[in-house]
Amino acid sequence: MTAPALEARGLVKRFPGVTALDGVDLVCRAGRVHALLGENGAGKSTLVKILTGNQPPDEGELRIGGTAVRLHDPRAALAHGVSAVYQELTVLPELSVLDNVMLGQEVSRRGLLSRDRQRDTARAALRRAGLGDLDPRTRAGTLSAAAQQLVEIARALVRGSRVLLLDEPSALLSGEGLSALHAVVRELAADGVAIIYITHRLEEVRALADDVTVLRDGRLVSTGPADAYPIDRIVREMVGRDVDAVFPELAEPGAEEVLSVRGLLPAGPGAAGPGLDLTVRAGEIVGVAGLLGSGRSRLLRTLAGVQPRAAGTVTVGGSPVRASLHAAVRAGVVLVPEERKTEGLVLDLPVRANTTLSSIGAVSPGGWLSAARERAAFEAERDRFGIRVSGPEQPTGQLSGGNQQKIVLAKWLRTRPRVLLLDEPTRGIDIGAKAEIYRIVAGLAAEGLAVVFASSELPEVTGLAHRVLVCQGGRVAGELTGDQINEERIMHLALGTSREAS
Amino acid sequence: MTTLTAGRAARFAPAGTLMPLSGLALVLVAAAVWTPGFYSEANLRLVLFQAGLIGVTAVGQTVVLLGRGIDLSVGAVMGLTTVIVATQTDGDGGKLPAAILLAVLAGIAIGAVNAGLVVLRGVPPFVATFAVFVLVQGAITAWTRGAAAGDIPHGLQTLGSGRVLGVPTPLWVFAGVAAVAAVVLARTGAGRRLYATGSNPRAARLSGIRTGRVIAAGYIASALLAVLAGLISAGYAGHVDAQLSRSLDLNSLAAAVIGGVALTGGKGHIGHTVLGVALLAVLIVWMLQLGAGTGGQLAVQGAAILLATWLRQRGPAAAGTR
Amino acid sequence: MSTRGRRHALRSRIEEVLPVPFRLPRVRAAVAVAAASALALSGCSTERESPGTGLGAAADCGGSTAQSFRQQYAQTWRQAGDAIGLPGLTPAAGTQVCEIDTARFAKDRPKKGYRIAFAAQGPTNAWATTNEEAFRYRARQRGAKVLYASANGDVNKQVDNVQQLVAQRPDALVVVPMGDAITGQVRAAASQGIPVVVCSGRLGEGSGAVSTVTRDYELQGTLWAEWIARRIGGKGKIAMLSGIAGVPTAELPKKQAEKIFAQRYPGIQVVAKQNTDWSATKAKTVAAQLLARYPDLKAVWSDSAITDLGVYEAYSQAGKPVPPVTGDVTNAFLKAVQGKDVPFALSAFPPEQSAQCLDTALDVLAGKKVPSQVNVNSAVFTDKQITQYVRPECSDDLAVPSALPADLLKKLKLC
């Protein structure tokens, strides 16, 4: 058997007060997709940093193609054929696709590459990355997130990578973008590239991975061929206990119609058609499914008054709500946005301030900000949601995704909303925290809140909703309730291949 | 991680005030060594006056900076104020209240135009307030045909040249303004809204904060403080100073930035501003004593700003790698 | 308020390093004009293409007319000195005045009058406004038609202005230079046969201008320096406050004064040289610092009464006697110090000199011989004569004494 493309033995990395990696092994073979799994804080990012030469390990050995190497800096990693594509896109939007792909490679070691040679190299890489049809002169900023991700992969290919690390490449993708990504990954593996694939979406493991490694608390839990890893095993090993019920039992909705939408049409290009009719009762949870770009987010943002309406009426508890963010908030319609870090929270402010961000008036009697009241509010929410923080002064940016999301929820619940809109409520959150968020949402519904959430993760939609709306091409393609809700029917509606599409 | 630590350092840790404080100490010591006359009573009084005049506008600038803006129209508003007072009163103290009222209204109007351009039209604050600066300057020239007639009433001289307990009145005014601003920023809902808006305008807006009003209030506050500074300045010179409305007075900006208020919004507090004002005032008077020309003075100020921002960029980055 | 000061703020600093125009480098000694004329023959023959004469215009530096022009020039210096008790002042070293033969520019007066292009500063301050109004007023008196262009204080705009004015084929061009950058355009106008008069300022070499009509900067600097020297008995500490660093209006008088202090008054110690940007506020701050640092300061040499206003404010507020000051004239200063014990000597840079510029242009068109350089007469006086000059009923900005009629001053809101 040939030597593994990449082999790490006994990696240890200590930071002051914490051991981020504690004797981790990882063996990746050429031509195979290796899923690297673990909750946030399990040590995945530290491992990636070591493998890409961004951080030296304190102990341990690294072999590439059988040779022991020391990666002092990212350039050394690149020279050894190890490159990475991160979740946060690093495509330069003002440059052309060609320039982005060739970034850092403009000058070869043999001298100046000719423009034509460059273009040929880039074309080949783009073709391998599944972007063969794309004009290399296109400005990168105009591409979709999925295509930008593929551009980054092409960039890695140009560098002649034998080991490719993909850090949550699917976080921004769904539907077609996701399938395209998977196809490219499979193809690259078939070409003999060793791929390390980090994801929170467990369904991807089934679809893509040949091998699996699970990390927890900086330690290696287990590793082996993907066949040996059914979802429940992965979850159990990641969380460290049985998560028998990721999705909680849903209470029966009440009878009162809280939210009523008639003919709602988001403003924007192609705003036409009959618009959305939707009624949500107290205690009801409505899931909105659909591919990326199907209008899921736009629908929620229009409901919340963040984006303008072209037509339609929204009433809450029988009173009409004007198309403005403030009118919506006053009427009790609040949005937990998809972009938690840029739209949901002010990361520089301490957690206490974010908890009261939407109810500053309530903790400022007569305009005077009351530290005591704010503290009390923060403590109440911390206890209610089990938010893990070191104290009220901790900067919000230091919290994990799950705890950040809980703060966003807490922020809004302090305003006593009637309709809770959630856009991708568990994006980038690890599985244990996901279950907590689901429980919180179900609990809020049981208390009488009307909930509408949009998600690209089908298990979430099927598991958490009383009712599912499926969007396609900017309008609602169908509605599923009760036993009708399953992933297959949702996909058919989302792709427009369903016979029962209404 | 970097921005995070920077944010914390700026607002909570004493480290944020350490640099301007040590800078101030350094300059004071250097002045003592090189220029013995620096610590004469008359000279210190000049430092305090400068601090008062710069400080009043620097507080306004701080409020705007915290809201992720910048106000380049400060100098024009100061100039306009002196012109209004001179033309409307022509030295008659009885007409002073009416003239001040007019100047205040003009200040509000200018602040509102700044805010309108920034909030409603989405013009970058740098461009909007610079355009307003040019506009106001042009309006002054057109209105007065370059010749601002009129006299400054004697009543204003108390504000600009007077002393209370041996300390120039402008410094007391600055102290009052700074105290009020410090309380508002740290202890009121309005202050919290401003910090949230400056740190992350999108999140603040989506959290239901009326960010437009917050930003507008900042520009109007800055313009009103510029009117106050204009009154002080008129009282100091005792005459209309046409030069004043023509200079793009960046002392307020320099003071805030040297003190450590971030140009990127949401970071800094009045303590920073006060230190920056003190440092700048000492620097300006010391440069005068050294006989540095206007060019030299500007160069030193620029160097101080660069040094301050450079140190701020570096400090947190070094600490942020843990 | 700031009189001519701002006008030159935008002037190119290049002018500083260029040789000052109209000077004969070889004539070094501080000689009187009469002495200079003896050297004139050899001097001028090699200086045919020199700044004052420039392209084409025939210059004669040795003839009897030239000599009388030189005497007239020297006369203006003498008169200015006599006015404040400084007898026997002679033009600065290197001042060259020649006779320009303007025959080739002579043309008959058209029925509607000569068309004179006026490239002005633009109404950016009271001085400039008055400068323009005086030109127009004089043009109406003399029946000339004015083609006007405002540079708005900007030399780049003036480059365009001159180009556009020349395109209208005026009979003559009068330009109030905003900076040396217009030299090329002025030369282009001259080469097309349009006589150019440089007004209230100077241009660098090779402008091709027929004549330069302005108040002599060296005279200003000399008057202020000599008066201070006499006032303090030739010894003691003084400070020099000039306007904007690098601007000719500030630098030329300062340079002249420095030379005088250094060469003639070893007992005078210049302890501080500072810029006030012609801002009374800045001047007050500077003066407040000066009086703290140098309690024994004997006098303040300054190029502007605006600066003096700040000096007066600072000293009077500190309860100290105001030291002797110098500068140009503003009504604001006179109003402020009237009845107070403030010793001063002022020499105006009158905005109305534009009228004399127009007259020179018309002389050229009439074919009369003109001097290559005209020193504009202006009011020179001390605190003893303040009542003759102060106009309490008029604006602070009025350039006193004003030659303009009362109704025009009223229209300009200056009185």
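Chains: A, B and C, in written order; residue numbering restarts at 1 for each.
Simple rule for what comes next: a contact is a pair of C-beta atoms (placed from the backbone, for glycine too) under 8 Å apart; a residue touches a chain by one contact, two chains touch by 3 or more.
Everything quoted here is computed from the prediction, not taken from an experiment.
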item	value
Innermost chain, where centres are averages of C-alpha coordinates	B
Chain whose average C-alpha position is farthest from chain A's own	C
Centroid distance [mean C-alpha coordinates] between chain C and chain B, Å	38
Inter-centroid spacing, chain C versus chain A (mean Cα positions, whole Å)	73
Euclidean distance of C-alpha centroids - chain A vs chain B, Å	44
Numbers and ranges of chain A residues touching at least 2 other chains	none
Residue numbers on chain B that touch chain A, as the complex places them	3-4, 7-8, 11-12, 187-193, 195-196, 199-200, 202-210, 266-267, 322
Chain B contact footprint on chain C (complex, rising order)	1-2, 6, 123-129, 244-245, 272-275, 277-282, 284-286, 288-289, 291-293, 309-310, 313, 317-318, 332, 336, 395-397, 412-414
Sites on chain B touched by chain C in the complex	37, 40-43, 46, 49-50, 141, 145-151, 161, 233, 236-244, 246-247, 285, 288-289, 291, 293-295
Complex contacts: residues of chain A adjacent to chain B	15-16, 306, 325-326, 329, 334-335, 337, 342-349, 353, 357-358, 360-361, 363-364, 367-369, 393, 395, 397-398, 411, 415
